[in-house]
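In what comes next, chain A is part of two complexes: it sits with chain B in the first one and with chain C in the second one.
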Partner chain A sequence: MPVIMRRLIVIASALLLVTLIAIALWINQRVKPVALTPSLTGQVEYCLTCHSDLAEISPSHPVKTYGCVICHGGERLALDANLAHSTMRGGKNPADFSVVQASCGGADCHSGSPGAYRDHIQCSTTSIQDTYAGAIALIRYTYGDQLDLTARLGTRAIDDAQSSTGITSLGLFDPSQEASPSVRLFGQNCLSCHLSAQPIEGIQYARFTGCSACHTPTQPAAINGAPVGDLAKIHKLTTAMPYTQCNTCHNRGNYDLRTMTFQPRQDNSADRLHHYYQPIAEFTKCEYTLECVDCHTRTEAMGDGSLYSSKFDIEYTQCKTCHGTLTELPKTRTLTDPNDLAFRMAAIYPVVDLRLGDTILVTEKGEPIWNSRVLSDGTYAMVGKVTGESFTFRPVKGTTCKQDPANQTASSCHECHSVQR
Partner chain B sequence: MRPSFFHHLHPPTIPVKQARFRYTLAAGGLAAFLVFVLFVTGLLELFYYIPTPDQAADSIQTITFLVPYGSLVRNLHYWAAQFLVVVAGIHLIRVVMTGAYSPPRRLNYLLGMGLFVSTLLLDFTGYVLRWDEGIRWALVAGTNLVKSIPLAGQQIYRMLVGGLEPGPATLIRFYGWHIFGLMIIVAGLLTWHIFRVRRDGGIALPPPRLRETLERIPRTELVRREVAAMLLASVALLLLSLFAPAPIAPPMTSAPSALAVSRAPWFFLWVQQMLKLGSPFLWGVVVPLAVLLALTLIPYVFPRTSPRELGRWFPRSGRPAQFFFILILVSILTLTVLALLPG
Partner chain C sequence: MNERWKEPSLSRRDFLKLARTALLTASGLIGLAGLWRYFSFQTEPPSPTDFDLGPASAFIPGSRTVLTQVPAVLLRTEKGFTALSLICPHLGCTVESKSNGFACPCHGSRFDFEGRLLRGPAAKPLMVLRLDTSSDGHLHLFTD
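Moving on to the complex of A and B:
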């Protein structure tokens, strides 16, 4: 009996020893944690243990300052992927409008800060690009579900007492409550391109939602550039959006108002001239050599914080914004205040070296066209925000242009100046 | 040779049957060993665990992912605790099914029940110390049961939880009970329990004149068997700790979360299942306490086991107690299985 017990003890001891060695080896071959303590939070996080290959999202958000968790949420200490990712905000996209306030907001970030034009979250989430109130009002009006074009419903219910347009609230657009079958179909088929909507299937429509719909370039910068990669691996924010990003929603086809279905454009354009706009569109040279964001301003795209009934109420950049009229030069501003908004915008994506004393073009509402410059000979220069290309152009005043002061929309200019394709 | 300290803790010789695995199932000894493992691993966890709602779950993540061998220590603590409930349960089954509860071991039966209840309370308080989404339901539902007690419910709830709802006071109270209050109780009861085993003449056997054999084994052999059992138990614990990590979840937030688990710890699943029947006070407090009381009274209600039949399984003189116990056991197991079934 004692002999058996002694042998059992020897065997059990050997077993225990082997187990302990196996555990030591197992634990020591595990990945070594990579710590990062971002200066903004002061709290250590270990995301880089697995995500060290991820490119920094933008020069304005250096990882050493921000880290990952301040935007993405998640469990900063966990080295188990499931647990670490379980509390992430908005899954792979913290800029989705459902979580944007927690991810991108805050007084020091993109909401509620005292400086002008800084509350981007409030603006974007009330903008026509997210409420889709314009299209909804137009369709309901067209099919008799409302008697005028004033927006009443949006993709979300919003109360905004501060709104300066007279529209202080939008109800939730619920297609099932609509009388017209066409409006109900519209609700089913045509709500895929507001900022909170998931895009329709197709690589050319691939984009994120919320801020990232525009600010995360998911498309190659030009049509013959690199193919779209894995959306989940794109880790980039930019203010220099190429037109291809805008085209995930715009210029991608038409809605057939009889069947209320989306008809994708059929042309397989291989060059920028043909790809930028649909075949039926008319446009001038600068409209396709520049990027959308070179002319259209932040308030046009992201709204100004008020609720609008139509994109035509918030869109205001026209040819004359940069070229002026026969009788007037375009508006300009000489930068004398170091806190001028132009400097802040130029600093985010520095394609021009803007200095105090420079004179730049400004829009009719006074928004700086910070990538432009008034040259000494009275002409103007503009640097493409995305391409970095330089363009020079002249004012209309003093030319033989047959401009009619009463008709200043692009279509009037297109009568003479459109590009032949 | 004079006996070493460890040999000296044992009687010089014991009847061979008292050390036979198929009689004792080694459950009592293993339980004591698991208490020791829990004490050591718990002591190590104390160095990193932070008992505040803000930091508790984070400190457990630190232990689990960042402290060298921290996950091993935590997994060992977890698995030793689960095993302790199982092993203590087997110990209780053995005692009832062999009729060992009869006088003079009635007092030790009570001490054992005290240890069993303390073990469950230690398990539950330890579970709550995670303070993550995985324990929210059990914490809220478990403490709310106390509220359902007529007249004194609110007062007991406040005493237990330290406020009108679970918060920092709750965590520090559970922490205090877990690492100090219940520990002291277990230490005292365990010492007394083991002392009583010696006083009652070791593990139950018929008196010498009724024994089939008077063969005895020396304490050196007894200690060898204990060491072998501890080594094998250690291997099992280590392997489980390596391959089956202790559960963990994101920190508890003030708002109810979709991540929350709505399930009691496994040893209270039978109570959770009964709660579906209606009145929380009846099914969540009265019935479980009645079951506990019924188990505790077994040595006092049922006839004593005939001395001749001691030291063997299912003695004829213990049949009523055995049937009663199996009834309770099967009910608890059935309720547990029902609770685990989906829907």
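Moving on to the complex of A and C:
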């Protein structure tokens, strides 16, 4: 054998050895997958290989029961990040309304029957918080593009044959088709609040879309709380939303109806009293001591599955809802049915220990204010859903309140009871 | 002849032969190790479905024992033993023992101590698991 051939064989042998050593090292350094088999799906997934440091998203969605993929999608067996994330639903937000049915739906989850109060997706995607149909109708009526206040257009075209209000569909609001320049400007500048809209720039407005706009708090729970971190790392779902989350849309400023532009708040609030509402607002002590969600109900915020022209037609929490009037006590219900919605609500975020036989306040439409209770002396107690703080209060009936029974809006009560700041 | 110009004890040809042999041997050993690793790979054994709970006499009448090996509770009444799964029949969360029964921490379903459904959203009672006593007097719980 010629010398050159012998040398080539040695070189080839060395290359073979180096290659095998490299392969062995690569195999030994590969990520060891962390397997999880959620009891709900029974299918192994490797997401925790990289995401084991994530906190449980909520007590109602434990990871060992649900896993990750049932909500987020993705390639459950991939160990490469790009491949694993390539088919995720909604990117970092599976609760965006464009994918919510696949992520959160299901008869046992959030698209069940209205009778079981499980039609959350149907409710929220037809609610005026998403359709913005009420505001669109109001602006179009104000500027002469429609002749009444009935909702006809929304941020999406919707058919809702089951709607009980007579409004069974909404067309898509297309500002470019509007006659009024103001309505066109409204379409350009004023549609950043509905649940499918991306928020305007600014950390104080930062929120997700869809269900997560409210249920994934992105803001510190108090004015002096810790600043918002990286939104992409927030992994939380809750029904106890702090007022700061509501303020990403509400109380954040005003719309100038002449120029149809958003005017942000200019006050730099240092405490909750000043932060809760913008400077022009009037409010009572309970309105800034409690959280928004302590009084305003799920139906009021999420709708009831039908299409409406005004939030007030869906559910309207007023002062009298909890305090009654001079002639009537507030509406109450004694819990006799173990399947009463109040028990489920109280179980999801257990700040109160509701029991059969307890009497709670209810809204005009019978919706339970489950964090309230009628006390034996005829007064009432309410527990803050976020703070756990307990408040007691009296009915108006039997007091020297000077209210006019015909005027029960908040502004009437504010004449005597507004907080000075 | 000068010592410096002596022929080395290992000729170039022998050196190349030795190097080739050593390199191929090392490669072969690594290859064999890889094959050994491949063929000796053990898949995870299937989850056990038979749990030895120890002597039946260890559970006194009237006792209610939440088991550690499996999410289940063992009840011993005057009528004998009953084992209830603590997996909620709604969506599969593990229910917790409370003063008046079992409660699901996920969605609030409630069950009494016999596993009967008190409150939804679960639609079924807790599942009763099969029990057997072996010849040595040990109680066995089956989850299949």
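Convention: the second predicted complex is superposed on the first by the 415 of 421 C-alpha atoms of A that agree within 3 Å, B and C clash if a C-alpha of one lies under 4 Å from a C-alpha of the other, contacts with A are read in each partner's own complex, and residues count from 1 in each chain.
In this section, contacts are C-beta pairs under 8 Å (C-beta built on N, C-alpha and C of every residue); 3 or more make two chains touch, one makes a residue touch a chain.
Here the structure is a predicted model, which is why all the values come from computation and not from measurement.
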item: Joint occupancy of chain A by chain B and chain C, clash or fit; value: fit
item: Touching partner for A:108 - first (chain B), second (chain C), both, neither; value: second
item: Touched partner set for A:118, first chain B, second chain C, both or neither; value: second
item: Partner chain in contact with A:80 - chain B first, chain C second, else both or neither; value: first
item: Chain B versus chain C as contact partner of A:40, first or second or both or neither; value: second
item: Contacts of A:343 with chain B and chain C, given as first, second, both or neither; value: second
item: Touched partner set for A:186, first chain B, second chain C, both or neither; value: neither
item: Touching partner for A:6 - first (chain B), second (chain C), both, neither; value: both
item: Which superposed partner A:16 touches (first chain B, second chain C, both, neither); value: both
item: Larger contact residue set on chain A - chain B or chain C; value: C
item: Chain B versus chain C as contact partner of A:65, first or second or both or neither; value: second
item: Chain C versus chain B - closest C-alpha approach in the superposed model, Å; value: 7
item: Chain A residues contacted in one complex by chain B, in the other by chain C; value: 6, 9, 13, 16, 20, 23
item: For the chain A and chain C complex, residues of the former touching the latter; value: 3, 6-7, 9-10, 13-14, 16-17, 20-21, 23-24, 38-40, 59-62, 65-66, 108-109, 116, 118, 338-339, 343-344, 346-348
item: Chain C residues touching chain A - in the complex, by the definition given at the top; value: 12-13, 16-17, 19-20, 23-24, 26-27, 30-31, 33-34, 87, 90-94, 103-108, 110, 118-121
item: Complex interface listing, chain B residues touching chain A; value: 58, 61-62, 64-66, 68-69, 71-72, 217, 220-221, 224-225, 227-228, 231-232, 234-235, 238-239, 242, 248-251, 259
item: Residue ranges of chain A touching chain B (in the complex, touch as defined); value: 1-2, 5-6, 8-9, 12-13, 15-16, 19-20, 22-23, 26-27, 33, 46, 75, 77-80, 83, 86-87
